[in-house]
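Data first, discussion second: the structure below is written as C-alpha cells.
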Amino acid sequence: MKDNHSKLDFDRFSRIGLEEAIYCEFKTGVLVNEILKQFLKKNKHCLLTRLSENKLNQIDSLIKKKIEYCSISNTAFFNFPEHSLSQDKKVAVLCAGSSDLSVAYEAIRTLSYYGKNSLNLFDIGVSGLWRLTEKLEQIQSTSVVIAIAGMDAALPTVLGGLISQPIIAVPTSVGYGVSKGGHTALNALLASCSSGITVVNIDNGYGAACAALRILKIT
Amino acid sequence: MKDNHSKLDFDRFSRIGLEEAIYCEFKTGVLVNEILKQFLKKNKHCLLTRLSENKLNQIDSLIKKKIEYCSISNTAFFNFPEHSLSQDKKVAVLCAGSSDLSVAYEAIRTLSYYGKNSLNLFDIGVSGLWRLTEKLEQIQSTSVVIAIAGMDAALPTVLGGLISQPIIAVPTSVGYGVSKGGHTALNALLASCSSGITVVNIDNGYGAACAALRILKIT
Amino acid sequence: MKDNHSKLDFDRFSRIGLEEAIYCEFKTGVLVNEILKQFLKKNKHCLLTRLSENKLNQIDSLIKKKIEYCSISNTAFFNFPEHSLSQDKKVAVLCAGSSDLSVAYEAIRTLSYYGKNSLNLFDIGVSGLWRLTEKLEQIQSTSVVIAIAGMDAALPTVLGGLISQPIIAVPTSVGYGVSKGGHTALNALLASCSSGITVVNIDNGYGAACAALRILKIT
Amino acid sequence: MKDNHSKLDFDRFSRIGLEEAIYCEFKTGVLVNEILKQFLKKNKHCLLTRLSENKLNQIDSLIKKKIEYCSISNTAFFNFPEHSLSQDKKVAVLCAGSSDLSVAYEAIRTLSYYGKNSLNLFDIGVSGLWRLTEKLEQIQSTSVVIAIAGMDAALPTVLGGLISQPIIAVPTSVGYGVSKGGHTALNALLASCSSGITVVNIDNGYGAACAALRILKIT
Amino acid sequence: MKDNHSKLDFDRFSRIGLEEAIYCEFKTGVLVNEILKQFLKKNKHCLLTRLSENKLNQIDSLIKKKIEYCSISNTAFFNFPEHSLSQDKKVAVLCAGSSDLSVAYEAIRTLSYYGKNSLNLFDIGVSGLWRLTEKLEQIQSTSVVIAIAGMDAALPTVLGGLISQPIIAVPTSVGYGVSKGGHTALNALLASCSSGITVVNIDNGYGAACAALRILKIT
Amino acid sequence: MKDNHSKLDFDRFSRIGLEEAIYCEFKTGVLVNEILKQFLKKNKHCLLTRLSENKLNQIDSLIKKKIEYCSISNTAFFNFPEHSLSQDKKVAVLCAGSSDLSVAYEAIRTLSYYGKNSLNLFDIGVSGLWRLTEKLEQIQSTSVVIAIAGMDAALPTVLGGLISQPIIAVPTSVGYGVSKGGHTALNALLASCSSGITVVNIDNGYGAACAALRILKIT
Amino acid sequence: MKDNHSKLDFDRFSRIGLEEAIYCEFKTGVLVNEILKQFLKKNKHCLLTRLSENKLNQIDSLIKKKIEYCSISNTAFFNFPEHSLSQDKKVAVLCAGSSDLSVAYEAIRTLSYYGKNSLNLFDIGVSGLWRLTEKLEQIQSTSVVIAIAGMDAALPTVLGGLISQPIIAVPTSVGYGVSKGGHTALNALLASCSSGITVVNIDNGYGAACAALRILKIT
Amino acid sequence: MKDNHSKLDFDRFSRIGLEEAIYCEFKTGVLVNEILKQFLKKNKHCLLTRLSENKLNQIDSLIKKKIEYCSISNTAFFNFPEHSLSQDKKVAVLCAGSSDLSVAYEAIRTLSYYGKNSLNLFDIGVSGLWRLTEKLEQIQSTSVVIAIAGMDAALPTVLGGLISQPIIAVPTSVGYGVSKGGHTALNALLASCSSGITVVNIDNGYGAACAALRILKIT
C-alpha cells in the first residue's frame, strides 16, 4: 500500500476554520497508520473519530504512543499538545438518556479539541419532565445547545418551545423495532413542531460540535 | 350490481360489543347505497366513516334523508334514533394542533354513536407546554385518554410521563416532507420513551374510539 | 465514568403508577453497574430489560447477587423483596408461535414485577384455528388481552372479531425475508380489519404489560 | 404516431396458452386505438385491462362498438365472439371486503374471457369468521382458490389452515395509513404462517386469474 | 365550528423570541378565518405559511383586506404594520436552481417578517461551478448562510468546504424518480462530507429562517 | 421450560394435506429439543427447516440420532421411516445461479419428504440464455415449475414467456447493494411482465414446495 | 418577478459538450417565459424537457411561436435553426413496451437536438423473446444502446448477455403495485446479473441520451 | 456435492467481450473449489470477486497455488498467464475518500485482468475542492472516467460539470446513519444535476470496469 492512498487537506482550517478529521470506521488499521505517519512527518496533530479499540491496537506502537484515546466516544487526539479549555461554557451538550452517552462524548471531545469547555447534562429526557425544567436556567445561560436523543427524540422539541438559542439536534440509533438505526428519531426531529431546530446525521456528535463551532465563530 | 356484493355482519355487536361500521373510502356511491338499503330493510342503524361529501351526494335521496352527516370528520349516522349522551366524560380526546381536528372528530363522533360524552381539548401541543399543563388536572379526571398528534407527535410522550391512565395515541398525516403521510408520527409514538402508550393506525380516530370503548366495557 | 451519567426518575411511580425500568441494550456493563449502585444506595428495587447474559456477567458480584434473572426474556429484578402474585388472572398473555416466547415472557415478568398473575397461552396461531377456539372461553374470562405474533400477525385480528375486551397487540421480529425485523407484523396489526385493537413497538412485551397495567388501574 | 409503436405478440397463446392482454393504464387513448386497429385488421380479439371510462371514450366509435366494457373492473373484451362459460366452477374467487370488488371482477372477467365460470364469494373477511366457515364446504369443492384481501389480508392465511387446494392470494390497495397502496397486505401474505400460499402483485386480479388458468391446464 | 378549535400561544415570542406562525396546509379556510379573527380581536399580527391562493380566497373579505400575500412562497403577513428592513444583510439565502424559488422566498419572507434583509442568490448550483465561485466573497461577508437545493443537493456540500459560517441546508422536493419528494436531497445533506452543516425538513424555508434568527440573536 | 411452550397441530395433514413443519430459526436448541420429544412420544415424524448446524449440535444425542440432516439447505427429517421417491418428476426446481443452491435444496428436500422426485437444474440464469433454452423441452415435460433467482430475478420472467405450466417463483437474498436481502428480486418477480407467475417469500424454498404439492394434489 | 431568478450557464457546452437544458416540471409558466426571453435576447437556442401542454400554453405567443413541441415526450426545441440528422444511426433506442414511449421519445428528441439519428425499436420486451432476437443483428450494428423498460425491467439484462456494446438502461415508472413509480425497475437494473450495464434515473430519457452523447464524443 | 451445481458460460466472451466472473460472496468454499476445478480441467482462467480471505483459505492447496489474490479488493485471478498492461491509461479511476479504496481496487483489478492500465486518483472529494481541480487536466486526458464516492457522493456531480467524457459513477456503502449501506450515495448519483452521468450498483467496482470496457471496445 502506498502513501498516495490518501491526500490530506491540510489547508482546510484556513478555509473554513475546521481541520480535516480522520473518520476511521471504513479504513483499515494499516491505512489509519499510514495517514497518521503523514501527520507526524509534518508535525501536525489531528482528531480521529469512530476508531474502535480493536483498530487502535493495530496501529504501530510509536504512532500509538502519541494517541490520547477516549473509549466512551471512540475518538482520539493524535500528536496533540497540552492545552487548557476555555473557562466559560458557551455550548450545552444535553442527552435524553444515558444510552446516548457515546454520542454526547463525541461532541464534547470535538469541542475540547478546539479548546471549548461545555455544560454537559445527561439523562434528562421528557418522560421525567422535571429533570429538564430544573436545569432550564442553566441551559439558557449558554449560547448554543446540542440536544441528543434517540427513540422518539421528544427532548429537542420540548426544549425548542422553552429556549431561544440555536438548537442543534442529534438523533441517536438507540432503540429497537421502529427505533432501530435511529431513523425514527431523525425524522421526528426534522418534523419537529418547534421552530428553528436544525438536525445532523444519526449519531453524528462530531458534526453537531462542528456546527456549534461555526456558530461560535460569528459571535 | 347485485345485493350479495356485501355480506353484513349484523351479529358483531353481540360478539364483541362493537357494530360493523361502513368504511366508505374505497366503495362507490352505488355500493354504499346498496349497503344502506340492507340496513333499512332490517331497520338497523349504522355508522359510516370516510364518506366524502361528494359520495354522500351520490346516495338516493330517500336513503340520504336518514343520514346525519358531520363534514369535519366525514362520518355519518344512518337511520339513527334520537339519543342523549352520558353526563360524565370518561374519555378525553386531545389533539396537538388544530390541523388534527378531523381525526379528533372521527373519535368524538364514534364515542357519541355509542352514547359516550367526551372531554375535548384541541391544539394543546408541546411547543407551548403551558397549554397542556394548565389542563392536566382536568385530563386526570377521565378514565381513558385519546391523544392525537401529527408531525413529531411529542404530545402523547410528554403526557405519558405525567398521567397514569391508559393512553391511546393516534398519529395523523398532518405535515410535509418527512412528516408526509404520518409515518414519522406513527413511528415516534411506537418508539415513545414513555411506558405503556398504545398506538392505532394513522388518522384512525374511529379505531381509537373503539379501543376506548373496549376499555370502558371492563371498568 | 462519573455517577451523573444517569439521572434516575425515582418520582415516576407516584406520577404515573409505573416505575422507571432500566433498558440495558445500549448501556455498557459499567454503566448498568453504576445505575444499580444508585438503586442500592437508596435501597430501591428496579426492573431491568434487555439485559444479555453477557452483560449480566460484567456486573460486580455484590450487585449481581441481588439480581434475579430470567434468561428466556433477558429481564432481571434487582434488589426485589419476596412477594406473591395475585390469585386472579386479569391479563391474558397469548402468543402465536413458540418462537415468540421471549417477548411473551418479557410481558409476563413485567406483570409479575407489579404483582399480577396472568393466563399464559403459547403457540395458538391461526394456521391451526382450533388451538385458539378451544381456549376462547378461558380468554374471555380475563379483563385485558396481550396478543403477541410475528410474520403476518393474523392472530390478534381473528381474536378481535371474537372477543370484546381490550386487545394490546405486540408484533414480533420473528421471520425472514419480508418478515425480517417485524415491520410486516407491525403494519398488519395497525391495518387490522378488526376494530379497536391497539399496538405497541415490535418485540415490546414490556410496553404491552405497562399498557395492561394502566388499564387495570382504572378498573 | 405510427403503427410500429407497438409490436404485438400474436404467437403467445401457442407458446404459453395465454394471449397478450392490452394493459392500458400508461397508454394514451390514441395508442390504444392504434393497437385495437391492428387486432381488427387481423380479425383477432383481445382482453384489455385498466381501461378507464375516460380513455374508453377517446376511442374511435367504430372500434368502440366492438368493445364490451365492465365498469367495476375497468376491463374490456374487444371483437369478442359470443361464447358461453363452463358449467362447472373450478375456480373460487373470494374477497375479504366489498371494497375489493374491482380486483375480484378483474379476475372473474379474465377467467370468463377464457371460458371459465367461477364461484364468487364477496365480503367474507375474518373479522366475522362465520361468513367464511359457513361457505367452507362450497369452497372446498373447487380446484383453485383466488383469495383477495386488503389491509392486513388475514383471510388467505386463515383459509390456508383450512383447505388443501392451491391458493393464489391477491393483496389490494384498499386502506389508509400503513395500508395505503397495499404493501402491508402484500407483505402479510408473503409472510403468511400458512404454508403453500402464493402471491401476485397488488390489485393484480388479472395475474391471479392467469395463474389459475396455468394450473387448470395441467389438471 | 367554535373558536376553541385553536388555542393560540401568544406567549411564545417572550419565551423563545419567535412567534407562533399559522401553518395553513391542513387547515380549512373556515378554520384559518377563525384563527385570524382571534388575532384581530387582540390586535396582533402573524405570519401564515403554506396558504394556497385557493384557500386565501375562502377568507372573509374584511379579514382578507389585512393580508399581504406572496404568491411565489404562499406566505402571508396578517395585520402587519409598515416596517422597514435592516440595512445590512446578515443572512445569505442561496438556491441551486430556479425551481427552488418558492422555498427560497419562504425563507426570505420569514426573515423580512422579523425585519431582516438578506443577500439572495438564485440558480447557482454546482453543475456550473463558476456561478458559485464568482459570488464567494459576497457570501463570505454574511453571518449565516441558508443553502437550498433539490435533486442531489450538492451545493451545500461544496459550500461547506469553502466558507466558515454556519450553514443551514434546506432540501427541496424538486425532481422526479429517486428525487421525488426530496428524500434524496435530504439524505445527501445529512450525509454531507463537509463538516458542520445542519439540515431542516424538506422544503422548510420557514424553519431555516427561524434557525438563522436564533443564531442572529446570540451574535 | 415446560412442555406447553408449544402446542403442536398434529391434525394439520388431515385438514390441508401438509404437516406442520418446525421452523427453527428463532427457537432455542432447548425448545427444538422439547418439541422433538413430543413427536417422539407420539412416534410421529416431522420436517425441520432453518436448523443451523450449531443448533443441531445442542440437541440431545438420543434425539439427534433420529435426525437426517442436509447441510446445504439446513433442513432435517426427524424420526423419518425409509421411503423411496416417485419415479416421475412432476416438479422442476430451477435456479438462476449456483449461489441459490441452499434455497433450491430446501425445496427439493421438502418435495422428497412428501415422496416427490424432482427435475433439478442449477445455474441457468438468463445472462447466458442458451443454458435455459437447451433445457426447455425437459422443463416443459414437468407439471409445475419452481424457479429460483436472486439479484434482478429475470429468469422466471423469461421462462414465463416460454412455457405454459404453473410457475412458482422464489426470490433469493443473494446479492449486495440494492439486491441485499432479496427485496429487489421479490419486487421484480411480482412486477413481472410475464402473466400468471406467482411468488413466495424471499428464500422460501419450503413454501414453494408446499405450493407445488397443493397443485399436484388436484391433478 | 425579476430576471435574476435564473442564472444561465451559457458556457456549459464549451466545458462538457452539452448545453444546459431547461427542466420545466417545477418551474411556473411565468418563469419559463422569463428564461426563454434571456435565450432570445442572446439569440441562443435551447432544449426544454418536461414541459406540459398546459404550461406551454402559458407562454407568451411571441416566444411560443419559436417553440417546436413534441407532445409524446413533452420536450421542446426553442429558437432552433433548421438542421438535418446524421445519416448513420450510432445509437439504438429500445423500449420494452409501448407504455414506455414517452421516455423513449425524450431520448430520441435529445439525440436529434444534437444532430444524431437513432435506430428506434419499440415494444420488444422479453415476454415475447422472438421480438428481441429477430432484431439482434440490427441492434449489434450500432455503437451505443439505450434500453428502456418498466415493471421488472428484464429487457436490458437479457440484452446484456447477448451484445457487447455499452448499454445505458432507463427504468420507467410504468406499472402499479410494487412497480409504481419505477423503483422496482430501477433496482432490478442496478442488480442486473449481466455485467457492465449502467443505469440512469427513472424515466430519464434525457439523461440517457446525454450519456450516449458523451460516449459518441470519444469514438 | 456434484459438479453440476454450476453450469459455466464459457461462451460468454465471444458473445459480449466479457468473461463470466465468479462472484463468491454467497458461495461456500466447497462450491468455489468445484468451480475452479472445472476451469482448471479446461485450462481456462477466470476472475473471482468478493472472495474473502477466510473463504480463500478453504480452497484446496493445489487450486489455491494458482490464485493471485488482492486483499484490498478481495479479488483473485485464477490460472492467469503472465501479461503486461497497456501503456496508455484510457480509464481514470477516481475515488472521493480513502475509505473507498476497496471498491476502487475492484475496478482497477478488473481493468488489469483485461490488460488495461488506469489513471488512479484517490481521496479527491469535493470538501477540499483543490484536490480535484489540480488534477483536472490529467483526468481530461483519459477516455472514460470511473468516479467512486460514498456518503453524499458529490464528487461525480461536480466532475460532470467540468469534463466531457463518459462518467460511470459508483456509490459506496461508506458511512453511517442515513449513509449506511450506500443508498443515499446511490440516489444522489441517480438524481445528479449534472447531465449524462450513469450509475452502477453500490460498491460495484467490477461492474463499473465492465461498463468502461464496453465503451473502450467501440472507440
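In order of appearance the chains are A, B, C, D, E, F, G and H, and numbering begins at 1 in each one.
One rule holds in what follows: a contact is a pair of C-beta atoms (placed from the backbone, for glycine too) under 8 Å apart; a residue touches a chain by one contact, two chains touch by 3 or more.
Quick caveat, the model's predicted, so the values are computed rather than measured.
Asker: Return the chains shared as contacts by chain C and chain G, ordered by label.
Answerer: Both chain C and chain G are touched by D, F, going by the contact rule given at the top.
Asker: Comparing the two chain pairs, does F-G have more C-beta contacts than A-H, or is it the other way round?
Answerer: F-G
Asker: Computing the C-alpha centre of each chain, which chain sits at the greatest distance from chain C?
Answerer: G
Asker: I need the pair from F-G, A-B or A-H whose contacts repeat those of D-G. Over half of the residue-number contact pairs should coincide.
Answerer: Most of the contact pairs in D-G are shared with A-H.
Asker: At what distance in angstrom does the C-alpha mean of chain G lie from that of chain A?
Answerer: Once rounded, the distance between the two centres reads 44 Å.
Asker: Report, in whole Å, the distance between the mean C-alpha point of chain B and the mean C-alpha point of chain D.
Answerer: One centre to the other, that is 34 Å.
Asker: Give the residues of chain C that touch two or more other chains, as numbers and ranges in rising order.
Answerer: In chain C, the residues touching two or more other chains are 12, 127-128, 160-162, 175, 177-179, 183, 186, 190-191, 195, 201-202.
Asker: If we use the touch criterion from the header, which chain pairs count as touching?
Answerer: Those chain pairs which touch are A-B, A-C, A-E, A-H, B-C, B-D, B-E, C-D, C-F, D-F, D-G, E-G, E-H, F-G, F-H, G-H.
Asker: Per the contact definition, I'd like the list of chain D residues that touch chain B in the complex.
Answerer: 72, 98-99, 101, 122-124, 127-128, 130-131, 150, 174-180
Asker: Which residues of chain G touch chain F in their complex?
Answerer: 96-97, 125-129, 151-154, 157-158, 160-162, 175, 177-179, 183-185, 187-195
Asker: For chain E, which residues count as touching chain B in their complex?
Answerer: So the residues of chain E in touch with chain B come to 1, 4-9, 11-12, 20, 23, 25-27, 31, 35, 50, 171, 173, 181-183, 186, 201-204.
Asker: Under the touch definition given earlier, write down the residues of chain C that touch chain B in their complex.
Answerer: Result: residues 12, 15-18, 21, 143-144, 160-168, 186, 190-191, 195-202, 206-207, 210-211, 213-215, 217-219 of chain C touch chain B.
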